[in-house]
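Below you'll find a set of structures to go through.
In the two assemblies presented below, chain A is common to both, partnered first by chain B and then by chain C.
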Partner chain A sequence: MKLSFSPEDERFREEVAQWLNDNLTGEFEKVRFRGGPGDEHMFQEERHAWEKKLAEGGWTCIGWPTEFGGRASSIEQQVIFNEEYARAGGPGRVGHIGEGLAGPTIIAFGSQEQKEKYLPGIVNGTELWCQGYSEPGAGSDLANVKTKARFDEEKGKWVINGQKVWTSLAHESDFCFVIARTDPDSVAHKGLGFFLVKMDQPGVEVRPIEQITGTSEFNEVFFDDAECDANDIVGEPGDGWKVAMGLLGFERGVSTLGQQMQFQNELNEVVRIAKENGAAQDPVIRQRIAQSHAELKIMRYNSMRMLSGQSGSDGSLQKEALIYKLFWATWHRSLGELAMDVMGPESQILDPGQYELNRLQSMYLFTRSDTIYGGTNQIQRNIIAERGLGMPKEPKITAKT
Partner chain B sequence: MDFTFTEDQLLFAESIKDFLQNEVTPESIRESWDSETGRSQDLWNKMVELGLTGMLVPEAQGGLGMREIDFVLIAQECGRVALPEPIVDTAMVVTPLLKDLVDKDPRCVSLLEKVATGETKVAIGHAANDLVSDAHIADYLLLTQGHQIHLLAKADVDLEAQQSVDPSRKLFAVKWEANDETLLINGSDGVGLLAATLNRAAVGTAAQLLGLSEKMVEMTVQYTQDREQFGKPIGTNQALKHHMANCAVKNEFAKAVLHRAAYTVTEKPVHGDFAVSHAKLAAGEAANLAAKNSIQCYGAMGYTWECDLHIFMKRAWALDKFWGHSGFHKYRLHQWLMNPNAKIGAEMTFGEQA
Partner chain C sequence: MEFAFTDEQKMIQDTAESFLAEVSTSEAIRKAMASEEGYDTELWQTVCTDLYWQAIHIPEQYGGMGLGYVELVAMLEQMGRFLFCSPFYSTVCLATNALLVAGTDEQKEKYLPRICEGMTATLAFTGEQAGKRGGDWSADSVQATVAKDGDSFVLNGTLRYVPDGLTSDLLIIAARTEGSIGKDGISLFTVPADHTGITRNLLPTMDQTRKQGEVILENVTLPSAALMGEEGKGWKPLAKVIDLATIALAAEQMGGAQQIMDITVEYTKERVQFNRTIASFQSIKHKAADMMTRVEVARSAVYYAACVAQEALAAELGVDSDNGFSTELSEAASVAKSYCSDTYFANAGDGLQMHGGVGFTWEYDVHLYFKRAKASEHFLGNGAYHRERIAQIILD
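Let's look at the complex of A and B:
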């Protein structure tokens, strides 16, 4: 064990800090600290321009192997990058689904051709991705997807029909990774395929869904004879579940580092307001702030420990990774409640405008969803108990087809 | 000892419940968000006809001459439907204060009469809140300054609208000038009335919070029966049952505390602080838990504007912070408990609260 960074790493830190300091200025000044959880709808264009700027500096996908355009940065350096990024107020990354989920999945499971076709757009910040998993009948029971993919021999293409829902940022995305049934007679997690689908085509329709925040970060996506090329399926028909689950491993891995730093910024904001409005005098509030800080550190240390023990590059993590989603989601939800209690009576007053939530109000509302997306708290507990601890599974009821 | 309501109280509450459930629906609330005032004069008139605005107005001024304990169940029903109209403020906060001022200022007599008949609406400001709700539809405002209570016509104040997280709430910053004409009461009399006002308002708010909480649980229990995952209703999962059971426990326990507080502000208002703060805390906690657990049980659906849950959840959020937020009420509780003369002995279940 060695809980410090090497001189080389510290030099890397200086380099990152310097670059951010030089570049997060001018036209990008206004996106500092923006676009985080609950704020994704803000400054989309400017943040996309920023993503390309980052790419020019070689600061996207830094953990990826160099052959795919990354820097092959060590875990330590990725940690440092994320720390400095948050400290500088780097905006929410529009490319995070591509960099954190689609890219690593393609690297782990994709063909050479797919790598060449899709990774450069992610690395250079031009192409954005969304995740087409959930459907009206397939939420927690993800394996119940009904969207179908049929191979059309004549066209030499996959033809996709069905509906996805809650698809975050679909309206901004160039591509969607879609789980669809390749074997129409299959049920549950057998007979699925994992497809890379272009959004800008006649067979894809995106309809925004209004959220309780009054904004629309997620969408319904309808596939009506949408097409993708014969080789836009990752793995073989029938491998879809394996690929989809591998991807969820990435969701709990390195991509959590940046998120924690955003959490730190939010907690700092809560503390600042508590000092300013006097809430910090309230002993109950003081204790909750201390608790929150302590738990954020727990998360931080735990994910360092989890990542330094990370096994393969196939997204599979140690067992301890299973607990991570439950912990951070629940922590963040409590932070939202703490923020509102710190704001006190002010917390119910909006900024001037058309239902303009202020930053902490959006955060409070958004954190209601943290314990839902990416596997609800209940499902996470089932996974911890059944897969982590080996407790008996609930009796299986076969999903209706 | 009798911790129950009378047959009459229950029947009246039941009939108001039926009325409100018919008149105030998620659809009507959504419509009100798009209307200019967010309030329905038509609905107000009906509530006047039912006697709601005059419930706590003395018979001498044309009211029903009832008391706070008679109104608490109705306030719960107002919460249950997330009623946007300020009937709880009017009946439980404004009219009892005017009643206490009847001997001091004749204007209060005619105001009471007119509130009871629905001719006039009165909004109320208080140091506990920075803003005044429903000032835009009021004809008069009761406003406070230090220990003084003043009465102003709406024409004589400046209103600046402030939006609430709950699109149904209409809040206003009020600019106004006090003068000898506007003054109703001053000094220690004023202090007493302001304290009593806060307590009645906090009980009325707690009652609404409890109604909201029960409604959220009811909606969610229904949803968990309708929504299927893994080939069965999601409500079959123990995790969700426990979520709802935890809420039911909180709701049920908040009820006794709330009713005790309503009793105390009715019978021994000067000793109401402890019971009232306890009720506001218990109801606020219940409503916050119901909001949190309900969204969780709904899944992503509960996170949409289209789903009615947020109507109730946002009202709970707003009311939890009005008429004293949890920090304020906890402070009052421990101030009282740590008082060397606190009457917290074994024999003090219903004993006088010093």
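Let's look at the complex of A and C:
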């Protein structure tokens, strides 16, 4: 058991840090530390330009196999890349849904034609993707999909109708992967299809959602006879759930240390303010800051455990991975509360302008979503109890049709 | 990345698990609790002779196994799980660490081989100050006094909260020069427990799985050979020993938190109310999920701290395996102890609640964990004490 990376990996770290240091300059100086969660609506054009710059340097999709344009980097090196990227203040990646979700799904389940058609645009940073999973009636109950896809023999195309929600980056994305019901008589996770849908067409409408922060990073996407080529379904009609779930398995935690680096930046800011305004002398605040610090430290080693462990051949998560979402989300939410309590009444005063939140104010509000998206804390607890501890599922209530 | 047990470390853990599951049964624990020593002396002899656990991290030159802190922690986790009543913690985690960190070559050569042979030992450093302000384990808690008389040292005072203080063969005692305060003037001594002038009393404890003693020193006169290291400069090594022992305790706590969760989850799968096992209710499942989350986070904390301890101890022994983490020892100890203390107690409390009425009985083992959790929490500093130590590192 060791705490450190290998010397070879440390050399890779230097290479990454050097490249970022050389390139996050000039026109990109202003996007440093911008565009992360809670700030995704900012500098989108500049960040897209940065995505292409990254691609030129060969720093997109580094974990992908070389035949698809990646570097086949080890898990360790992917972790290091993410960590250094965050340390350098690399902006929120506009290409992350393509790189992290759409691409790996196409690599694993897509046809040769789909691979040739879609992967290069992700690798070179030109084409952006968004994710069409959640619906107004399908939040925690993700399989309750109402969006329908029917094959129109005349057009030779799939025709999609329905609504998706909480779709980030939808208005600037070129494509969306959509789960829709191919069998109108099916329920739950049966009878679904996984579609690659072009956004720029008359049948797709994007409406921004104004959030608690006053900003709009998420959208609603309406499909009104939207069309999808016959060849742009991944797998067969009915395979949609399998493909969608496979996609969740691609997250091996390589981004966790990068995310924690951002957390550390936020905590450092809280500590700085606490020292400045005297909150650091309050015994209760001291306890809370120390706890936050300790738990972030442990979070790092929990990730190291996740990354060191053998991945279950059945794709099952190890225990330290099962608890990770619940732990970090709850931690981050508490940090938001701590930030407000350290700032005291000043935390309630905004900069002049149109609801101008500063970084910690924005973080405080945005972290309320951390414990909701990607599986709420309640859903996480069900998953932990059922998969981690073998406790029984809730008795099912079958809806009468 | 290699932040996982090696095959050898896994084997040590598995061996400890299967042995302890067999010998440290509920019945055995209760028998040990009722005895004056607090443990089964015959069983301890078996452990020492057949398994050689007490020698685990003693260097081979003194007859030990020469393994590291990660291996030690793997074993402690299992001892915590099975509430193993033994002088292992006092002998290995307190006294042996003290000898390794602070002992002179002569003292190491004299005592470490004896520990390998089964001699018991403990560390006695705290006076009644440790019980003040909700628990004060800083240098201020060293209150016994030492005066020079020619070449000899004369010790006086009362030491409290000494694990296995009544039964240990050897005592490592901290005392301060009269009039000194804080970190100054502290010296460490090796003292045979049967030395003239020493009176030892049992302090009856709520948790009966680990005995605590009081050691009264009345003009205990020691030769200069009993002094460990430099006179008056004992705090630095002692602080290191306390940090190492704190990490060891955190490992036990994590094991205990795991076991009370396992026991509780098993119980909820059997207990039927309203025609369903209570494990099928979300109110129970969510509590259990929180228990598992805490245990896994605690485990990550302990493994991290164990690796740091490993490097710190290696540096102390002049073995070069330092990757720059040894300076984090006291932070790592506080990170692990604060999280594990709160985790163990929270899990024990939730476990008792989820057992319902039977959790309140003497018959079920829940109370053993509930009591041990609180006792461990308050030994060597509770969560709040260790968070304040962290606060001093990052805020002052």
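The definition used in the following text is that the second predicted complex is superposed on the first by the 381 of 401 C-alpha atoms of A that agree within 3 Å, B and C clash if a C-alpha of one lies under 4 Å from a C-alpha of the other, contacts with A are read in each partner's own complex, and residues count from 1 in each chain.
The criterion applied here is as follows: contacts are C-beta pairs under 8 Å (C-beta built on N, C-alpha and C of every residue); 3 or more make two chains touch, one makes a residue touch a chain.
As the structure is a computational prediction, the values presented were derived from the model and not from experiment.
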Request  = Once the two structures are overlaid on chain A, check if chain B and chain C clash or fit side by side.
outcome  = fit
Ask   = Which holds for A:323: it touches chain B only (first), chain C only (second), both, or neither?
value = second
Inquiry  = One more residue to check, A:167. First (chain B), second (chain C), both or neither?
reply    = neither
Request  = For A:355, decide between first (touching chain B), second (touching chain C), both and neither.
outcome  = first
Request  = Scan A:275 for contacts with chain B and chain C and give back first, second, both or neither.
outcome  = second
Task = Could you tell me if A:290 is touching chain B, chain C, both of them or neither one (first, second, both, neither)?
result = second
Query = Touching A:307, do we find chain B (first), chain C (second), both, or neither?
reply = second
Request  = Applying the touch criterion given at the start, work out whether A:381 contacts chain B, chain C, both or neither, answering first, second, both or neither.
outcome  = both
Ask   = Is A:4 contacted by the first partner chain B, the second partner chain C, both or neither?
value = second
Message = I want to verify one number: the closest Cα approach of chain B to chain C after the superposition, in Å.
response = 6
Ask   = Looking at chain A, which of its residues have contacts with both chain B and chain C?
value = 378, 381-382
Task = Mind listing the chain C positions that touch chain A in their complex?
result = 1-6, 9, 70, 265, 268-269, 276-277, 279-280, 282, 284-286, 288-290, 292-293, 296-297, 299-301, 303-304, 306-308, 323, 325, 331, 334-335, 338-339, 384, 387-391, 394-396
Remark   = Within their complex, chain B touches chain A through residues 129-131, 162-167, 169, 171, 228-232, 234, 237, 239-240, 288, 292, 295-296, 299-300, 302-306, 310, 313-314, 317-318, 321-322, 325-327, 330-331
Note = Seen from chain A, its contact residues with chain B in the complex are 134, 137, 139-141, 144, 165-166, 209-212, 214, 218, 279, 282, 284-285, 333, 337, 340-341, 344-350, 352, 355-357, 361, 368-369, 371-373, 376-378, 381-382, 397-400
Message = Which stretch or stretches of chain A touch chain C in the complex?
response = 1-5, 75-76, 79, 271, 274-275, 280, 283, 286-287, 289-291, 293-295, 297-302, 304-305, 307-309, 319-320, 322-323, 326-327, 378, 380-382, 384-386, 388-395
